[in-house]
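Some structures to go through are shown next.
Note that subunit A is present in both complexes that follow, paired respectively with subunit B and with subunit C.
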Partner chain A sequence: MVRFLIRRVMLGILVLWLVTLAVFFIFFDLNSSGPESVAHRLGGRQATPQTIKLIEARLHLKDPLPKQYWYFLFGYPGQDVANGPPRNHGILPIGGSPHFFHTPDLGYSYINGENVNHKLWIAFPITFSLAIGAAVLWLGMGLLSGIWSAIRPRSLLDRGFTLTALFFYSFPTFVLGYVLLLLLYYYLTKAGHAWFPAGTYIPFTSDPWQWARHLLLPWFTLAAVTAAAYTRLTRGSMLDVLGEDYIRTARAKGLPERRVVFRHGLRAALTPIVTQFGIDLGSLLGGAIITEKVFSLPGLGYEAVAAITSNDLPVIIGVVVIATTAIVAANLVVDVLYAVLDPRVRLH
Partner chain B sequence: MALLEVTDLTVSFSTPDGTLNAVRGLSFTVDEGQTLGIVGESGSGKSVSTQTIMGLTRGARVGGQALFEGHDLLTMNTHQLQAIRGAQVGMIFQDPLSSLHPYYRVGWQIIEMIRSHDKSTSKAQAKARAIELLRLVGIPQPDRRVSDFPHQFSGGMRQRAMIAMAMALNPKLLIADEPTTALDVTVQAQVLQVMKRLQQEFGTAIIMITHDLGVIADVADDVVVMYAGKAMEHADRNTIFYKHHNPYTEGLLLSLPAYGGERERLLPIAGQPPSLITLPQGCPFRPRCPYAFDKCMEEPPLVEIAGDPEHVSACWLPPDMKKREKMRQQLLDRDKAATAPAAAR
Partner chain C sequence: MTVGDIVSATHVPDEGPLAVGPEAARKIEGRSPWQLAFERLRRDRAAAISLVIIILIILMAVIAPVFAHLTGHGVFEQFRDTGLSVDGLPRSPRSAFLFGTDDQGRDVLVRVAYGARVSLIVGVLATALTVSIGTVIGLAAGYLGKLVDTVLARLIDVMLSLPFLLFAISLASVFQPSLTIVIVVLGIFSWSSVARIVRGQVLSIREREYVEAARAMGAGPWRIMFIDILPNVLAPIIVYTTLLIPVSIVGEATLSYLGVGVQPPTADWGQMIAEAATYYSVAPWFLIFPSLALLITTLAFNIFGDGVRDAFDPRSDRQMG
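Coming up: the complex of A and B.
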């Protein structure tokens, strides 16, 4: 198990490295020269060639690409304050000065010089809150309705759940988001019932109740689409399992039906659901672009879109690193959970 | 009083193609400590009938009566049935590979069985009992294997673990639904051996459902031969093997490799079992029966054979065995006469 874990972590790091490498080279290659280049954008339309030169020199934009990649990994050597923003650390937690070991430094935004670490440190909790709340909601809704449907297949309730699931499944997030905003925020607030505030994020640490209230609509928007998929997944998985011989054995043992369904049925049906859940949650932690945009939540997805439209490479790479880490970590957790859930894949 | 007395059991299902009559008026009794063999082809209703009695078939229309120690299982509510399943009636099934839950340890599954019926048993007691049971069914090193998962057991060991689980609470009746079908022949014998030994030790009655007449010859006291949801013949084992009356029983025996001495070729029963949705008119075996004659367009009742009240057969051939043999020969000659001119041409 330990060897398996080590192998998976190494593999995850390799994936992370390849992804950042790809993003780095694509963006630098595309943006090294021409009117759309980083230096031109930073200098603005009126920039003199001198200004452009100065920017290129300060950001080392004309250095050879491998050298720039080295800066990205380990920071600029011998950098002083007069020559641009201090950047003695790179994205790797080792190397650079004055301390050999440090937290990965994602550098400074090209647009406003903001520390990317700091920027993402603010954005990540928003995305995290959004993802976790939505995940709890969709898992709860999906599992409950899916199990119910599987216990009484082709019943009125099953058909109702299937219909609801298909309805939300085919609902684009941006439409559902705006519909909810219109009905539950705009009309309700206009009618004097401000139950669902919108547009701001209240940190959990400052007021958990307000945190939840402000996130309720985005949670539901995100959860409704995904819960629909989970209803179908749970229903299918449960129906398969409930038809298994060992379920008949459990009934033949004289176990109460509830124990048969949950202890014997759900336990086995959970494996594919857990797998899917890990992947979904992981990719959501990299930012829910549409939902964040619709509800004006400045999370990772929101920052990513802003950074991409302005070619703000350090921020783009920062978001990519976090998103990739989240997905790799989620997959690792899924693999471990898989072994915990199913003794047949347990590795010794 | 018989331990289990099934009278006129009918089971039918609604399907999109029409009503499927899986069991059509089946009656049998099982006495304490006795083994009843139910034999028949796939789809003859042998598994459905016992599973229905135990309330394990869903969406079926059920008729008749199944008295277990005088109480009708078919009219019991779920709770009463749950109390009987496992505790009074143990069940084992065909495929031991899929009958144990793959995610739980073998011992855990036996302990669950014990503790769900007897809450006063402590976990430690139940575990000790589980080890004891595994030893009884011949699992080597039971104190270690008790915490194995089913996939760490071989097929034969899993079926023995199933038997151990089914026998955990000393049930009065064990329903074994093709327990040896999925096993190697050598392992089959071991499993049957275990069942017979436990039966002697605890006086358990057994219903052995199988399509394997070899298994019947090995364990059964009484035998019901089923075809298309009905009992075709019902008698004690020796009568079934040596003095059977029904042509279907005869067909089953003739298709056995070892039976009939020097015969080189097996004689399979021609044709397919009938669809249970559209049954043939009259005797269900008529389309495949070599002796079918005009009377067979009527469905034959179960009648007493050769003055033996324990031997019944559903066939229009005369109940007297000598007369039956004479008529059988006549019917065979009829067939020869019918085919001879065709051969001459």
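Coming up: the complex of A and C.
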């Protein structure tokens, strides 16, 4: 198990490193014609010539690319002057000066001088709340309806679930979001039933009940499309497992059906679902971007989309780095969970 | 989530490949798996209906100029007097504007018709690109094996788990957004699911006798991969292709909705929805019609794709998740 863990962590670090390489390549080299065009890109639409010069000097854009990449990771030299220009320690939490260990530094937005770390620190809990709630909801809906379908295949309920699943699966996330916004928020509120509030985010720490109530529609929007796929996945996997000999044995020795289905059946049926869950974390984040835009929740995705309009690239870089780190970390957790569920995984 | 998770919901195929009805029992003739699949697809009523809808949507895209001609409203034409209310707001559906108007006084009906063009073009081209890349990488990983497979399989895993939309946003913010960029971005980031399926199929096929025979006769890896193996993994590739089209269409609409896809004033469903979002309380029709068009299109393609999958593999209902 320890060896398995070490290998997984190493792999995660490798992926993160590749991601930083990709991000650096996309923003500092791809489709650019020299240092000035990169500076123009990072400076936003309305950057003045002075800003461009400043960016060029501060990020050492005239240095060779490998050197720039090194700075990008470990920090830019010559910026530790007291009261001088904003520091940039690089996106890794290690290396650089004056302290070897430090918080990863995502730099500054050149449009309004805002600290990207600070901006995303505020946005992160919103995306996190959205993603966690949606993941719980989608697994819950998908697993329950899938198990139910598998216990009584070809029943009316099974057909109903599969049809509903296909219907929701075909919904683009933002279309579903607007349908809910229009029907459950706008028309209901207009009719005097303000059951589903929207458009604001209440922090969990200030009022958990209102936090959940305000996130209900976004959660459902984000969860429904994926839950549909999980209904089918669970149903297929459960049907396969319930056809196995050991399930017949379990029934034959007189175990109650509930125990057969949940203890003996579900555990084995869960492995493909856990695999798929790890894969879907990335699209969960993609869906979160869309959902945040639909419901105007100022999370990471919302900031990223807003940054496209103003061409605020440092913010986009920051969101990509944070989001992929979160996904790699979450994948690690899923992999460990997988190894606990299915002991065979640990062996090779 | 990958395309593989969508599974049949239209009907439950309870007849095996042999149960073709009483008339088939009378005269026995040899049929290729392809003929059988086609036969099964023809019997699938839900697939037939969705195919008709798909054809209607294609027709709508082709004859979009006819809509413009009949209504007398161009796609980009703004009717500031007749198409906007006194307050400058979109006007509701009426005889002159069957689907109402948008925020700039343009005809929503005509724009929805033109929007089908972008969706279908991107849907087909991006899917073609995705499938081509995925097939080549899947073949290479599955057949060449060893180090190639280890590296490619890891790459597939990593690509599957990365947030595609964020990288799409990054690429689009570095390039000028355009239709080509949308197609390339969709292709680059969705090949991994195809590659995973193809690789799995190739792994089981490459140990077969006919591949060994080809190798014994001195065929090179390229010949074996593309002449001997590829035709035998074509069925899952075709199934995947039909299921990928709606995914590509939604992908394009999403990118355009976020502002990194097709740029205004080109009529595009995703972008229309983004524009309509501000007006959803005063002009719901502006939001509803492009949304409905997008939903009907993806639903039709999904149901049809399901039918194709069931036709090629009647047992798929149990095998796939």
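Basically, the second predicted complex is superposed on the first by the 291 of 348 C-alpha atoms of A that agree within 3 Å, B and C clash if a C-alpha of one lies under 4 Å from a C-alpha of the other, contacts with A are read in each partner's own complex, and residues count from 1 in each chain.
Basically, a residue touches a chain if its C-beta (ideal position, glycine included) is under 8 Å from a C-beta of that chain, and two chains touch if they have at least 3 such contacts.
In this text the structure is predicted, and so the values were computed from the model without any measurement.
S.K.: With both structures placed on chain A, which of the two partners, subunit B or subunit C, ends up touching more residues of subunit A?
M.R.: Greater contact footprint in residues on subunit A: C.
S.K.: Under the stated touch criterion, which partner chain does A:91 make contact with: subunit B (first), subunit C (second), both, or neither?
M.R.: Touch partners of A:91: none, neither subunit B nor subunit C.
S.K.: Looking at the overlay, what does A:344 touch: subunit B (first), subunit C (second), both, or neither?
M.R.: Touch status of A:344: first partner only.
S.K.: Between subunit B (first) and subunit C (second), which does A:61 come into contact with in this model arrangement: first, second, both, or neither?
M.R.: So A:61 meets neither subunit B nor subunit C here.
S.K.: Scan A:226 for contacts with subunit B and subunit C and give back first, second, both or neither.
M.R.: second
S.K.: Would you sort A:309 into first (subunit B), second (subunit C), both or neither based on which partner it touches?
M.R.: It touches subunit C, and subunit B stays clear.
S.K.: Between subunit B (first) and subunit C (second), which, if any, makes contact with A:279: first, second, both or neither?
M.R.: Once the two structures are laid over each other on A, A:279 reaches subunit C alone.
S.K.: Report for A:245: first if it touches subunit B alone, second if subunit C alone, otherwise both or neither.
M.R.: Only subunit B is touched by A:245; subunit C is not.
S.K.: Based on the A-chain superposition described above, do subunit B and subunit C contact any of the same residues on subunit A, and if so which?
M.R.: Dual-contact residues (subunit A): none.
S.K.: State the interface residues of subunit A toward subunit C in the complex, per the touch definition above.
M.R.: 11, 15, 18-19, 22-23, 26-27, 30-32, 41, 153-154, 159, 162-163, 165-167, 169-175, 178-179, 181-182, 186, 225-226, 228-230, 232-234, 236-237, 239-240, 272-273, 276, 278-283, 285-286, 289-290, 293-294, 304-305, 307-309, 311, 313, 316-317, 319-320, 323-324, 327-328, 331
S.K.: Name, in rising order, each residue of subunit C that touches subunit A in their complex.
M.R.: 1-2, 5-10, 12, 14, 154, 158, 160-167, 169-175, 246, 250, 253-254, 257-260, 270, 273, 277, 280-281, 284, 287, 291, 294-295, 298-299, 302-303, 306, 317-321
S.K.: What part of subunit B is in contact with subunit A in the complex they form?
M.R.: That would be residues 54, 56, 78, 81-87, 90-91, 93, 95, 98-103, 112-113, 116-117, 149, 151, 162, 165 of subunit B.
S.K.: Mind listing the subunit A positions that touch subunit B in their complex?
M.R.: 244-246, 248-257, 259, 264, 267-268, 341-344
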